[in-house]
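Next up, some structures in structure tokens.
Same chain, two partners: subunit A is paired with subunit B first, then with subunit C.
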Partner chain A sequence: MSLLDFARGPALQWSIVIFVVGVLWRLLGVLLLRTRKDLSEPRRDAAWKGLRLIALRSWPRKEFLGGTAFGEVMGYAFHIGFLLTLFFYVPHVLFFADIARGLFGTDLHGLTGLNWPTMPNGVVTLLSAISIAALVAVLIHRIVSPVKRLISNFDDYFSWLVTIAPLATGMAAFAHLGGWPYERLLAVHLLSAELLLVWFPFGKLMHAFTIFVARGSTGMLFERKGASL
Partner chain B sequence: MTETTPTTREPDPLEFDQPRVSIRKPEHRFDTQGEASDAVRVERAMNSFVRDFGRTAAVYMESCIHCGMCAEACHFYEATQDPKYTPIWKLEPFKQAYKREYGPFAFVYRALNLKPKVTADELQQWQHLLYDSCTVCGRCSLMCPMGIDIASLVSQARHGMFKAGLVPHELAAVTERARREGSPLGATPKVFADRCEWLSDEHEVEITIDKPQADVLCAMSSIEIMKYPESVVATARIMQHVGADWTFRLDGYEATNFGLLTGDAAAQKDLTLKIIHAAVACGAKVVVLPECGHAYTALRWMGANMYGKPLPFRVMHIAEFLAEQVRAGKLRLRKVGKTATFHDPCQLVRRGGAIEAPREVLQALGVELREMYPTKGANWCCGGGGGVVAIHRADELRHKVFKIKMEQIDETGAELPVTSCANCRQTFDDGQAHFKWDKTMHSLLELVADNLVEDDR
Partner chain C sequence: MSSPLLGEFLRSRGVTRRDFLQFCATTAAAMGLSPTLAPRVAAALEQARRPSVIWLPFQECTGCTESITRAHGSTLESLIFQGISLDYQHTLQAAAGDAAERARETAMKENWGRYLLIVDGSIPTGNKGFSTVAGRDNVSLLEEVARGAAAIVALGSCAAFGGIPGASPNPTGAVAVSAIVKDKPIINVSGCPPIPVVITGVLTQYLTFGKLPELDALGRPMAFYGQTIHDRCYRRPFYERGQFADSFDDEGARQGWCLYKLGCRGPTTHNACATVKWNDGTSFPIEAGHGCIGCSEPGFWDKGGFYQPLSTGQWGSARTVGTAVGVGVALGVASAALARKRQKDAEGA
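The block that comes next holds the complex of A and B.
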């Protein structure tokens, strides 16, 4: 079995299994915990309106903007770059369609007649480059900022590594860097993405899911009291 | 471990001749209570921390991405730029213990020893971070991009610290005094009754005590009873002015809840139940809480949960009561005609939701309100909440933090700084004395009482 066969075959399957089972285990492990009914008389009855905090907290209040702008801007830059590259780069879309056909016997086009939108390669390359640059910037910030350096642990650095790795190896594969055969570059790229999937449930990448629950819970608790969101 | 509090000891003397009420500065500190081995202390701390762990707290523990932005919201970090005051760092041992002992992957962390066990020495070091340098003001909770209510986790960690016997000397001493005498600052029923009698004579106002049936039960804070007794008079005057059927009761008059501050959940419940039972006994429809932020949190938002069922009466902070009377046209006030700025008590405003009520009252007083920046929910804390003002070793740090408040208020150019929390007020009094500042904090309650229009009554 070649490295690419391994990356496309068992490594892919197992990484997806670990990702799905791990995410469910960690999410259900907390979501199934009990909650105690709050018996205090609410100030506002429609606590669900506090769910707006999920959107609201996506940008800091103006009072906090000064000290956090760098983190916010860089954070958005690498998240947006990463997600657009992941979901709208032509080879990725073809790859996902292939997986969908393998799993469900059809893909989005077969199901709805619609085509998944894609972005031109040049745009994706630029986005990936921005994403990598922003990730490098946040790593440097993590190291030089006394606050971030103090509170950081293995998870922070390793999660950074598994996030930048697919971007970097993807760029390398796209540009045929390093004099390696394309197939080997592609295999390394796939393996790096699989490493991200495997690590995902165990580290802080899980915030991709928990962020909605945490913001939503706080929003509802605070809205009930009429407290500041 | 440092020296442990002896099991039998005279209560620490209280100090009332200073700008803030506390115990007299201890010559010898006892910041560790009870007799227990280090291992037992750690176990108690962690068991207590995770005991009440519900879904929300667990989600919070799973969500931190170590972005460090909460530091920007913390007045202790802002004043010192010391990274150890980053709010989420104040929970580090508890986060570590959560991952190792309680989280969904705890078995992995334990099996591979990925998170080392928390030690008693670590917890003792963290006492400074969880008590001296956190007012539980919740400004960080407003900043966290993940939406983690960090302040609620600090309160939960304090439960653990209390169980471990690792509470700062002063807070342990006042909680112990509350257990021994029934009041943390010596405002026993006899002292309160004597004070009311004296205040009634001195100020020629009727102070109703122990009426068998009353619509309104009023409570005071220990700080007011012992240091700002004019607030007791002001409460009585206002209740009479609006024609309320009201009373104080000697079985439930003190709303101060040091149990909440130290993390002593049992004491918190006892103190809360006293007021609830007193209100039920006199058939009160409303309990009016004093100018005290954490008293509001303790009864308004946590009271029913301590009681185990919804409260059979409404709970209002005095500022909310005053605003309601203004709206009902029952409170007739002289116009003060000055400029004022309002310091938002964190537990009342940011975390309590009574944001506009004090402002409505100020408007009725005809002052020109000059808001500080930031204000309302994002306002800076005075630095004395959460028990911090009582801790002597925290004085220097607290004074650094207080500079933020002075700058904020000076910038408004307002003549009258006003607040609605006796604990904030004493923090301001202490800060004023320390910095020889030319501003004195005023009580909203007393400002109203001083400006009642009584002529045609």
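The block that comes next holds the complex of A and C.
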């Protein structure tokens, strides 16, 4: 079995299984926790209105702009670049279509009649480069800033590593860098993405699933208490 | 063996000066040399002595020989090829039996340390009787002839990487030339079969500069294998735009869209098909409507179906993912139940 066969076969299957099991385990473990009954009088009636905190917290507050602007800009640059690369790069779309075919016997077009649009490789390359640059910038910021360095642990650095690895190896595979055969570059890219999947549920990357739940529940709590959002 | 100058030989075959210079310019370009070197290529080729070449075919289908010798009429490439002193090739030579073997031994003796050895076909390392030439097994014959060679050209994917004989389950224990010969420069001219101009390009470079071309990590001439088919494919713009043929007879196929979804191996295959093309520059497989099967790459026969897209992952089944969902839910519910019990106990305490 070649490295590429391993990456496309057993490694891919096990990483998906670990990802699914881990995400559901952690998510349900949190969502099904017992919430203590709040006996205080609610200051406002419609606590659900606090859900708007999900959107509000996605934008910097003027008061803290000086301190948070760097993180906000880099965060958006990375996330937008990463997600667009992941979901709109041609081979990725074909890969997802293949998974859909395996699950439903047909791809998105067969299911809905819709086509999954893709972006030109040049745009994807630029977005990937921006993502990588943003990740490097936030790492330097984390190391240089005494406070951030102090509160950083293995999880922070390892999550950074497994996030930048698929981007870097993907660009290397696309550009045929390093003098390696393309198959080896592709295998390393797949393995790096699989490492991301495996680590995802157990580290801070899990925020992708928990962040909006946490913001929503906090918002509802604040709303009930009459706090300003 | 007499070895007149190559220039004299070509003139005797009616090649004009203009045609010869045009060939030199084209070959220099194909080899990635500067156009200013074309006159130097011409001067060197004219003065070059016809090199002695011994060609050993082993476990092969003769496709490589066909590709080189019969691809397209009497072009300059084929004349250059004829210009070498091919002292032994048991498929092509008139002599047979002891006379043929004596010709090889004589050529080896007279050109010891200087002759080029071309090998096509893989070498069986299992039972010695799997493949023999004049009663000799392939391994010992290769080892003996390789000892006096200046360099070896492993012609075709079988000689370069084991090829189809070496595909799973490899019943003969077929290996590449590089697995047997360790102490000689080896140029892998892979392909099933390789492109004729690649072999003449390698010979031209050897005759012109007296040295072997720059090779890639797999021992192939960079000038011809430095880029992928995908990089130079005329259908590449359709790939960029996300326009793919979904079957061989749909509208996309008729429009000449990218064959990536139909399993084209262009992105992982290094060869010059898209630029040099076949049959005197007529076309290449993708131009004829079929995806590249990656024949110039190691183990191409064992890399899954030819009609599966490259991105295809063996990601498992719906049942596997369904089981993972079930296990994840069970674990989540169980851990939450445990946490709730602890919370309750803590509140009660």
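As a convention for this text, the second predicted complex is superposed on the first by the 229 of 229 C-alpha atoms of A that agree within 3 Å, B and C clash if a C-alpha of one lies under 4 Å from a C-alpha of the other, contacts with A are read in each partner's own complex, and residues count from 1 in each chain.
Throughout what follows, a contact is a pair of C-beta atoms (placed from the backbone, for glycine too) under 8 Å apart; a residue touches a chain by one contact, two chains touch by 3 or more.
Because the structure is a prediction, the values reported are computed rather than measured.
Colleague: For A:Thr68 in the superposed arrangement: first (subunit B), second (subunit C), both or neither?
Modeller: In the superposition, A:Thr68 contacts subunit B only.
Colleague: Check the residue A:Leu111 against both partner chains and state whether it touches subunit B (first), subunit C (second), both, or neither.
Modeller: neither
Colleague: Once the shared chain is lined up, is A:Ile151 touching subunit B (first), subunit C (second), both, or neither of them?
Modeller: first
Colleague: Under the stated touch criterion, which partner chain does A:Arg26 make contact with: subunit B (first), subunit C (second), both, or neither?
Modeller: both
Colleague: Taking the superposition on A as described, I'd like to know which of subunit B and subunit C A:Thr210 touches: first, second, both or neither.
Modeller: The first partner, subunit B, only.
Colleague: Taking the superposition on A as described, I'd like to know which of subunit B and subunit C A:Ala46 touches: first, second, both or neither.
Modeller: In the superposition, A:Ala46 contacts neither subunit B nor subunit C.
Colleague: In the overlaid three-chain picture, which partner chain does A:Leu83 touch, first (subunit B) or second (subunit C), both, or neither?
Modeller: A:Leu83: touches no partner chain.
Colleague: Examine A:Arg34 and indicate which partner it touches, taking first as subunit B and second as subunit C; both and neither are also allowed.
Modeller: So A:Arg34 meets both subunit B and subunit C here.
Colleague: Is it subunit B or subunit C that touches the larger share of residues in subunit A?
Modeller: Tallying touched residues of subunit A, the top partner is B.
Colleague: What residues on subunit A does subunit C touch that subunit B touches too?
Modeller: 25-26, 28-34, 36
Colleague: Going by the contact rule at the top, pick out the subunit A residues touching subunit C in the complex.
Modeller: Residues 2, 4-5, 8-9, 12-13, 16-17, 20-34, 36, 90-95, 98-99, 102-103, 117-118, 120-122, 176, 179-183, 186, 190 of subunit A touch subunit C in their complex.
Colleague: Could you pull out which subunit C residues touch subunit A in their complex?
Modeller: 216-218, 228, 239-242, 260-261, 267-268, 270, 297, 299, 303-304, 309-318, 320-321, 323-325, 327-329, 331-333, 335-337, 339-340, 343-344, 347
Colleague: Going by the contact rule set out above, which residues of subunit B touch subunit A in the complex?
Modeller: Touching subunit A from subunit B are residues 53-56, 58-60, 62-69, 71-73, 77, 83-84, 86, 88-89, 92, 103-105, 108, 141-149, 300-305, 307-311, 314-315, 349-355, 373-374, 376-378.
Colleague: Within the complex, which stretch of subunit A touches subunit B?
Modeller: 25-26, 28-36, 38-41, 43, 53-54, 57-58, 60-61, 63-64, 66-68, 71-72, 75, 145-153, 155-156, 202, 204, 206-207, 210-211, 213-219, 221-222, 225-229
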